[in-house]
Amino acid sequence: MQRILNNPDNIVDEMLEGFAKCHGDIVKQVITSEENTRGVIAAVDAPKAGKVGVVTGGGSGHKPAFIGYVGKNMCDAAAVGEICSSPTALAFLEAFRAADGGAGIACLYGNYSGDNMNVKMASKMAKREGLVVKTVIANDDVASAPKDQREKRRGVAGEILMWKCGGAKAALGGSLDEVIATAQKAIDNTRSVGIGLTPCTLPAVGHPNFEIKPGTMEVGIGHHGEPGIEVCPLETAAQMAKRMVDIVVPDYPYQAGDEVVVLVSGLGATPVMELYVLYNEIDKLLKAQGIQTYRSYVGNYFTSLDMMGATLTIMKVDDELKELIDMDATSVGFRQP
Amino acid sequence: MQRILNNPDNIVDEMLEGFAKCHGDIVKQVITSEENTRGVIAAVDAPKAGKVGVVTGGGSGHKPAFIGYVGKNMCDAAAVGEICSSPTALAFLEAFRAADGGAGIACLYGNYSGDNMNVKMASKMAKREGLVVKTVIANDDVASAPKDQREKRRGVAGEILMWKCGGAKAALGGSLDEVIATAQKAIDNTRSVGIGLTPCTLPAVGHPNFEIKPGTMEVGIGHHGEPGIEVCPLETAAQMAKRMVDIVVPDYPYQAGDEVVVLVSGLGATPVMELYVLYNEIDKLLKAQGIQTYRSYVGNYFTSLDMMGATLTIMKVDDELKELIDMDATSVGFRQP
Amino acid sequence: MAVVKNENGRDILLSMVKAVQDNKQYLGDVDGLIGDGDHGMNMNKGFTLYGKQLGDEKTTFTNGLFELGKVLLNKIGGSMGPIYGTVFMEMADQGDEVEEIDLQLFINMMEAGLEGLYDIVDARPGDKTLVDTLFPALEALKAAHTQGRDFPDALDDMVAAARQGKDSTKDLVAKYGRSARLGERSRGVLDAGATSCFIILEAMAGGMQKTME
Amino acid sequence: MAVVKNENGRDILLSMVKAVQDNKQYLGDVDGLIGDGDHGMNMNKGFTLYGKQLGDEKTTFTNGLFELGKVLLNKIGGSMGPIYGTVFMEMADQGDEVEEIDLQLFINMMEAGLEGLYDIVDARPGDKTLVDTLFPALEALKAAHTQGRDFPDALDDMVAAARQGKDSTKDLVAKYGRSARLGERSRGVLDAGATSCFIILEAMAGGMQKTME
């Protein structure tokens, strides 16, 4: 394993230390209990009195997610888990506290059983402290369950658009219910799919714990290597784009005349130039269907350590979502304009 | 080779098409001759009348370099070469034209023989057209030649700081000579070194064309896999940081009390969380020497396709460089604040 | 009728800690087959942290369970923190401050643990999770009680049922957790959580029996 | 005294194109040993583009050289575009618009090519670059002229010297280009540019000799 590490068991803590040092203009590390010495990452000016606090959290290894989306007009705080493992309930609770400006907390996170349990327990504890927490659970990954079981689907890169819209809504002074409704609309309007080209290796494990045979690709792979819908021979960028569009577009379904935001994210180790090649093909296919791209993002937005591959995320936008997606934002992973 | 491609020979053109489509708010693709159908990437509002045009260029495969540093208060245009190969003289010439606002062109590029020749020929042709071109050649890579042969050293991630400072100076209305002097000062104040952990694979070749044995690392590796100063057993992040600091700091030398900008860039496939672990160690070492970090940047700023590893770049700043480095900027690869 | 003196908790808890530590590699391997291979690491980290926290101190069994649960909940993320954290803390709540734990109280504790678990997970018997170990273990305790068996024998019955339950997961298809995504491909392998749950119950029972000797 | 009719350029240029195409793989392999392996690809791309541009048209030798140089300069980046682009365009400039090229003029052309190259690169004989092929080739032509040899024979001398020059790079240490970084490790292998330069000169000479038959 050719990696940059000290003790693999400390990688998350060391990463956080470096992250907080480097980005002190955007975030701060808030440590409020002896039991969670890692603390949480909060926006430098959080909590903001009177503003709904937007919170997220999840396992590490998805840089810039999750802490990279804390900042101005994005999330106010994020709980940090071990690599590919949900943060503790305590960490979520501390993130709620760090983000609480008295107007309630919108916890916007992804649909993984560990996160569900820990957010549930954190919410219970928060209630005892008088905090009001409501949640939106991202489930944009089309490949992870059939459409009639959408509630089982995982959250993937679509979460970024949910944070962007929810964060902007909160920044504009939206009430807790409004922020929740907007974030829910954002994720309801969003579909994603991923293609994996290589497995990833957890530092503490030292070897890939699943396999993608060279010459094949895994369509519908999850961010932790969860098996996809199909393993097939490696295809050209144009063919991959077609597969992704054919999975994502009919599921919503996005139709001619719809305006959409398109996000193509690398899974970590795929050279960014290839993401643009893929995006170029996706764009052609969407244009051919009369779907109009309102904005697009290409880059390593939601990764899986050193996995190769990419995800496609599409969100349909209406006037409200357009205003929110257009708003400026300053987080480590997402800066606009 | 598990990669996202159509025809490997077209990858640069397809990437550019996707890049230009995605980032139409920041850049445009300017095609002015039949002989260079790829054109150049220019800032969306280039050329700006009365402003010195800042131009760069280089081979592809280093995303976000070079085109990712074109934008507001950064470069005005970039010439685009094949993967790991200098752009043509014509491409540089067209970049000069695209950036020319009548106040001269500052061509800020890296010290590679192909780039040197093509810029030289482009400058000759430009002169015939009445364009005034002056150059600064980045040579921040300490490992590529001894100190008494600094003129032979390659340019690596330090180029980003040169573009940042040169671009800001031009944006502030600096004359051509002022922009050149500032960019020269920026790169003269800058030193870099890289450590490679895995080789990279050129899409058209299909297999790595050099080797880094698992369990070893190459200290001083170049951005195209140019051999470094030493191959040694793989070390911990703390040890790597020490090696890098011990190469970079004494070369300038940076001293107690100096204020510096620190840039840690991944080489492409190293998970970003590991870059923060490395940065954390570097920061400790600099602090221990009394060197003060004025600003720091961590991320995939200057890559080599799917190579694993990282580079460390340090630039000493004075009041002028501080003002310039602080200025806001909007390019695909570098956005501030 | 034999009882567990609550004040003798230390040895019971330490035998649980040791069992998890001893099986770190094994649990990781089991999880590696259809999960992500970190179950041994997760469990070991939590139980070892608790062991360190306990140090040389004495503890009642219920207090120890509560503290162990809190460590898991506060220090171990993922699914295991809330799952085992809830089970242990709910068990502790039932037996809080008592001097002696008899079979009936232990049944109540186990029942509370399972109920607490049902509160946060949707998994039920047959879904290839630790519920497949925990549920039959509780049923066996109840049956032993009805049959009037002594506490140590009831614990033997519990361990046997837990083992059977754990082994039964081999032929099941996972419905929750990471392996659920494998569908039919998850059949033929033990569930990691069911395996660790058996190991913990076996160690707990052994520890309890020892204090009753 | 034999001369090359400038109007017969097409066959000479096509034989140069073909030689590069035929050696694409070989040049790539040579470059792969101490460079980045793309020399065959780079050269093939440029020469093939020129071949396509020429199509079925006739061309004078000097015009063809100029166009070939322009294609290299405008379409091939890296080092090869400016290096061979300069050499060919400078050669063409010397012989511009003439009807016949005799040995003296050809020497002037080659000299101009080398001078142009010296203008943009610092490499000189012994630095393990294409200069090690080009320089002795020119020297051989001059010597043949002094000795009063006929043009076709002088070309034979040139090719022999170019081959020797190319082979001499094997024992040299690279000072410029990518392989320079290898230092002593670059010894023992041919230089890619020196090799392609030999292949091109050989094809050019052969083509010229054919038109003189």
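For clarity, chains are labelled A, B, C and D in written order, and residue numbers in each chain start from 1.
Rule of thumb we're sticking to: a contact is a pair of C-beta atoms (placed from the backbone, for glycine too) under 8 Å apart; a residue touches a chain by one contact, two chains touch by 3 or more.
None of these values were measured; they are calculated from a predicted model.
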{"item": "Pair of chains ranked first by number of touching C-beta pairs", "value": "A-B"}
{"item": "Centre-to-centre distance between chain D and chain C (centres being mean Cα positions), rounded to whole Å", "value": "79"}
{"item": "Whole-Å separation of chain centres (CA-atom averages), chain B against chain C", "value": "56"}
{"item": "CA centroid of chain A to CA centroid of chain B, Å", "value": "29"}
{"item": "Chain B, residues touching no fewer than two other chains", "value": "none"}
{"item": "Contacts with two or more other chains, residues of chain D listed in rising order", "value": "none"}
{"item": "Contact graph of the chains (line, ring, star, complete, other)", "value": "line"}
{"item": "Pairwise chain contacts under the document criterion", "value": "A-B, A-C, B-D"}
{"item": "Residue ranges of chain A in contact with chain B within the complex", "value": "1-6, 11-12, 14-19, 21-22, 25, 60-61, 63-64, 197-198, 212, 214, 217, 234, 236-238, 240, 268-281, 283, 296-298, 300, 303, 305-306, 308-310, 330, 335, 337"}
{"item": "Touch list for chain A against partner chain C, complex", "value": "35-36, 59, 81-82, 84-91, 113-114, 117-118, 120-121, 144, 202, 204-205, 209, 222, 224-227"}
{"item": "Complex interface listing, chain C residues touching chain A", "value": "32, 36-38, 41-42, 73-79, 81-83, 85-86, 120-121, 176-178, 181-182, 185"}
